[in-house]
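Order as written gives the chain letters A, B and C; numbering starts at 1 within each chain.
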Amino acid sequence: MPIITLTTDFGTKDHFVGALKGAIYKELRAVNIVDISHEITPFNITETAYILKNSYQNFPEGTIHIIGVDSEISIENKPLAIQLDGQFFICTDNGIISMITNEIIPEKIVEITIQNSEENNLAILDIFVKVACHIARGGMLDVIGKKIEKVKELIEIQPFINTEQNQIVGSIIYIDNFGNVISNISQSIFNNIGKGRDFELIARNYKFTKIYSKYNEVVDFSIPEDKRQNDGKRLAIFNSAKFLEISMYRSNLETVGGASSLLGLNYRDNITLRFK
Amino acid sequence: MPIITLTTDFGTKDHFVGALKGAIYKELRAVNIVDISHEITPFNITETAYILKNSYQNFPEGTIHIIGVDSEISIENKPLAIQLDGQFFICTDNGIISMITNEIIPEKIVEITIQNSEENNLAILDIFVKVACHIARGGMLDVIGKKIEKVKELIEIQPFINTEQNQIVGSIIYIDNFGNVISNISQSIFNNIGKGRDFELIARNYKFTKIYSKYNEVVDFSIPEDKRQNDGKRLAIFNSAKFLEISMYRSNLETVGGASSLLGLNYRDNITLRFK
Amino acid sequence: MPIITLTTDFGTKDHFVGALKGAIYKELRAVNIVDISHEITPFNITETAYILKNSYQNFPEGTIHIIGVDSEISIENKPLAIQLDGQFFICTDNGIISMITNEIIPEKIVEITIQNSEENNLAILDIFVKVACHIARGGMLDVIGKKIEKVKELIEIQPFINTEQNQIVGSIIYIDNFGNVISNISQSIFNNIGKGRDFELIARNYKFTKIYSKYNEVVDFSIPEDKRQNDGKRLAIFNSAKFLEISMYRSNLETVGGASSLLGLNYRDNITLRFK
């Protein structure tokens, strides 16, 4: 059974997600619809790019991803279908896919040219569903659009590296459910530039000289459990998505807060890595 | 595989939704359960009616909709199964379905008479699941209840039209994920009463003389992208559900706010259309 | 088709849940993934225990439950697979399952010994998925770990009973979507200790002498609907999970508030039952 995933900023209260699923099932009964996220901050392309990049690779080959963020179609925001890394992405050309295409060259990009059956403001319900089901039935991309070569680039997702190659200035691109603050500095950029040198990571007025690879590396298990004071300890870590993240150990946004609120780090703030 | 949808005010944190799905799968393994919404404001019949009306039509024929809002059964709130527009609805008789039955005459309405196997306060888990699975297996409505003719009416979902037929007073029945404010004035009522005349739409102290059909109609694409100032522009639009909505272009509730917060328009507030 | 359920504190915005589902489908296409909850308060074991206990029994025999709360694996937090009541639970040994094992003796407990394919901080994506799919394919628990006899106990889930057997001091273990406040006093403990005696239930400075079994028992249906004043009436009830709950009739957290906010009852607060 083909898999179609959904990533939108529709929220889960309104009827949009239900309507979208109904429309898919109406086209194609034997399909497995999987929610990736419907809680994207409205119109936030960078968040979407981050979520997409970190979930799609877990899915089986042939999975079809519908992306309903900033998806109102206009002459500047054209609908695309992209074949990449053995999977398919349907979105508008707003940079949302460029976090993946920066690393992996698409096998094919088409600008969707099939027409909306009626003029309305929820194109996703109509065009995206038709295209997704076409692909799910094994249809070719060439049938539904014309081949193009490039997608729009999203600039803010790349960190800045100085010419001396001893400094990386990244920015915060995502804050997760635990209040962890995630930068656009990937572990591979860190390794390529740092080459094993010592470093200092500066985020506001906080400094870090170590980057963990597991949260509980901060715990000294030789100290009895009731004597430890690790909760709320701040740490830098390469998260499961392999991006540099600033975290508070076992933080809770609803009570004490997380790295974001406690350290005052917000979406788009800079963090700096200096190598020695 | 039959489709059973769920629309509840249970929220997604508690065990209720999981328990409901488990109970359905225990009765019937080969079934496709689709969440429409679990984020309805507790006990809000109007919200439910709006969400239901705007999602059910997208689903394939034969879909079964379980509605778990205000569903504690009492002598005044009887359980119903309704066949309508080729689909099935299971709910209590509290007006929730009348937004649809106002426009489409049900094929059959039965008051469910099968008994709850145990006296508890979550009838939906027991009776609604049994009825849904009965229908999913192809069972007849007559077996599980007695035929009745009418459902309870929900009054607040109808706008008021004056006798001169030059004014419609609607009210706000829903505020969506983007802060858009949705009235109970449908495009068809607008067309029937307005008959193409000029009009003035008044919402609090804001006036509108145009109703858009796509959000990005407010954008002048001949102006370069970085010179445009459309974000936050207020507009009236017929939304994808074909109801009159007041919106802020690309609004964001978490940052600048949406039409609801910025214009001070709340659930149940009036808006007025005056034709010339 | 085997059923795998997910109970996590990942939230529904981030990519974690999508990535987890993708990873399962990559291992096993013919599987039914059901969300129980992803909104657990981060790291809250008691909440998880309560949600799990009240949902799992509704699922068909053979269902596999993945629990991703406090699931970072360490020498003190070992991964377990438990066969119990005809179903399977995969979690770390942090007490999360003890609310169920207090009542039902597990058929088998194994400490999972298969290795993580790469060192990362999201073990659930790797080990738990592999184990779940192994079980779903009909594999034996013995293959993936070594048999152990006991799981860690969660202390705070048991109420305190005095030696005279005329007083039960419980604590609040959960607050639900409606603001209902749920204690750890089960109906069976109440019956066993109370033996039909009169009682007084004290929660802060509120007293109750009756425990309802349906919310709308507070309504006097002989009074005309528009004359009744039941909304917001406080009551004690055995909820559908058979735990003692304090509720406000038809409360709404977004407007008037629920039992939690209005009565000032919070997570971990005590409530006392005195028998006469």
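The working rule: a contact is a pair of C-beta atoms (placed from the backbone, for glycine too) under 8 Å apart; a residue touches a chain by one contact, two chains touch by 3 or more.
Note that the structure is predicted; figures quoted are calculated from it, not measured.
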Inter-copy rotation, subunit A to subunit B, in degrees (Cα atoms; steps of 5): 120
Fraction-based call for subunit C against subunit A, same above half, different below: different
Chain centre separation (subunit A, subunit C; CA means) in Å: 31
Multi-partner residues of subunit B (at least 2 other chains): 12
Footprint of subunit A on subunit B - complex, ascending: 1, 3, 5, 7, 12, 32, 34-40, 50-52, 54-60, 63, 176-178, 213-216, 219, 221, 225, 237, 239-241, 250-254
Touch list for subunit C against partner subunit A, complex: 9-23, 25-26, 29-30, 33, 41-43, 72, 74-77, 119-122, 125
